[in-house]
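Here is the structure we will look at.
Chain naming follows the written order as A, B and C, and within any one chain the residues start at number 1.
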């Protein structure tokens, strides 16, 4: 019987400080036993439990893409016990990864469709995974237009800035980067909140267009009416939820919304599904 | 008891009708023998369900902290002392509560009664200090005073210490009670005996925190056992962690505990947790001449400093 | 299904023979109530009880259980790597478990043994036990098992059902494990006559008629989840609750847990501890947000989980066997029977 609580041992290969407030760091992890990477087959949108011996585990969205081989990548916000410890670790340190966990964005359903990614703040991690995945030469033909609306408070709070700049240069992806405010005279992208930019830049909703929305509650709250105005059907709006989790496999009981466990039946739900669930998240 | 109930209802209806309060906090009849359920009443129908008898041992002051409404609250002696403590500790304002004082002759310990009979007790009624017990093959009467909660037998503040309304005439207070006989017995033990005693005392604890949560004093937004940064106490069934919880909780109640017995009453495992809080109650009485919850005029000993505070314990 | 007769005179002797072969667990008196524990040699299960104060779920699912161990000593080759530990899953028997508590394991199994994930700790421990049930001739007044998918002589989940019949026990053997248990005890298994089965039936009917407490659950599955969730009665139901974990810890069907690391010096263990939906910390996000911040939300979660979400998820009844422990132990008299009826009769 395989033990679903046992993490795979990994080594931290690299730690990148992402944001100017230094509260977000990206960890590149390499499996200590190469055969574990084979077992860890994942899809963009899934998460994993990061395990630090002596501290515990935390559920974090996988920021690397299944098309990137040889490592896993997680971007971690420093908030609690485990994340604070992680932020103090260094390259070469040993930790654990358990997963992949949860469901993923419905790539099979979105095949042949337009995909609009709407993200805010540090919830951009699985969206990065999704973008890398879709832009992979083997996958890009499977999707029609790709739009990305991504906002942060300031330019220095954007994640993956080098990659964002790369994507801006491409013509097979429409980037709409925005910040709430900046006094940087060289800022050449949008200024405004994500809902406003969505209103201005997102294509109108139709059966061929799916929106993936990931961000802080306040962003989601104000983006939803915009998508309604743009005529997005609620089963075409895809969201990823956060919850306090422990087991990650639908057993320990804390992350339910109604009868669904966010860790196992989610974290990805359509707005249509959420409309029929208790408002308890 | 009937007169008490009628009076409580009459006062409650008046307070609600005159909009003096937004709700009444009291008791309604329980679904099992010897249990009542704390409840709120906002309507005459709900008021009609209010009861009072010897099964109202839960301390209703526990339901006051952080509420915003104007509240009428049914209060026996110990409840009123905890309301005083709440007011002193800024958990509620004096003018926010209308205290419906209920002079009390003690609450019964249902576990004591259950232990007296081999069969399950199906109904208990009371009249004139006697309890009529009915069960399979049991139909008998016992004296209420023989089955009181232990804290009620030594209570010297049966009457509410502050009140705005009274549901009955004040009762005679008990005098000449030896409150600390059990504590002295432990104080006299050798360190080894004490160790063994406390080890046994807490051996069945399941860390459900019923003692803490039933206590009106335990209103901390995050209890020290729930803190994760730093994590003061482990969360498993490790005996050291269990003892740390109980000892520290008791210390947090020093100079505040009214010995209302809510903790012990709530414990599903029958642990005599009051042994710990009573020791500190005794110390506060001996060292600072302090009984908690009696007055709004004085600050409690543990949040004041006096140059003549005793310091003999510093060695 | 075979029924045999065990003379009470041979009871102790049989158990002694069993105790030589494998560990026995059973109810014993501790202070004024009964608990389940491993019996030491020559200790007999005390069958004079109505039921134990806490359920015997801890025999399979301990309140604190070590999952892994680790070392933080960087001189060790495997430092910071979590390792499985050897655990004892040798056969053991629980003697004197009530039918409701045995059935509860089957309800809980749906959570721990799923098509996607298997909880190895729970499953192996469950497989290791032989459950010797003890039928309730005299059920407690707040037992409502007969309307909670169970009963005083319920057989599901048991290997043997023992029935007290004055000077002897009737033992109904229901599985291979049960057969082995009886054989190992050396009790005479030949007397399996038909009239014994009739005796069991007669006692069963007598016990069932004694259970007068009931719940109605028939309409729960058809209720709209969100309407029930938003029902106005929750405020009244939850008012008295002090958010202790008594109901959930005492419950044979509550399974929620927390995972914690505990380090002592340079080595440590990852443990799981029972947790409770009554505690605010249960759902408290690292960000400070808490979807079940208020007491009412937590009380609602407990009842909705047991009486609606579970019903919908598994289409197999409520997550309750009617043992009545939460009713007996709740310090403020919150009564699941009352709440169940409120939910079942709710009209939006």
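Everything that follows uses one rule, which is that a residue touches a chain if its C-beta (ideal position, glycine included) is under 8 Å from a C-beta of that chain, and two chains touch if they have at least 3 such contacts.
Bear in mind the structure is a predicted one, so any value in this text is a computation, not a measurement.
Q: Spelling it out: a chain qualifies if it touches subunit A and also touches subunit C; which chains qualify?
A: Joint contacts, listed by label: B.
Q: Which chain's centre, taken as the mean of its Cα atoms, is farthest from the centre of subunit A?
A: B
Q: Per the contact rule at the top, check every chain pair and give me the one with the most C-beta pairs in contact.
A: That would be the chain pair A-C.
Q: Averaged over CA atoms, how far is the centre of subunit A from the centre of subunit C? Could you give it in whole Å?
A: The answer is 39 Å.
Q: Can you give the whole-Å distance between the Cα centres of subunit A and subunit B?
A: From the centre of subunit A to the centre of subunit B is 50 Å.
Q: Using mean C-alpha positions as chain centres, tell me how far subunit B is from subunit C in Å, no decimals.
A: Computed from C-alpha means, the inter-chain centre distance equals 32 Å.
Q: Could you check subunit C for residues that touch two or more other chains and list them?
A: Each of 258, 260 in subunit C touches at least two other chains.
Q: Which subunit B residues reach two or more other chains?
A: none
Q: Got the subunit A residues that touch at least 2 other chains?
A: 80
Q: Using the touch definition up top, name the residues of subunit A that touch subunit B in the complex.
A: Residue list for subunit A touching subunit B: 80-81, 84.
Q: Per the contact definition, I'd like the list of subunit B residues that touch subunit C in the complex.
A: 30-32, 35-40, 58, 62-63, 111, 114-115, 120, 122, 136, 204, 206-210, 212-214, 226, 234-238, 265-266, 268-270
Q: State the interface residues of subunit C toward subunit B in the complex, per the touch definition above.
A: 30-33, 35, 50, 53-54, 62-64, 138, 140-142, 236, 239-240, 242-246, 249-250, 258, 260, 262, 271, 273, 276, 279-281, 327-329, 331-335, 337-338
Q: Considering only the defined contacts, which subunit A positions touch subunit C in the complex?
A: 1-7, 9, 32, 51-58, 79-80, 83, 93-96, 217, 242-244, 246-247, 249-259, 264, 276-281
Q: Touching residues of subunit B toward subunit A in the complex: what are they?
A: 228-229, 231
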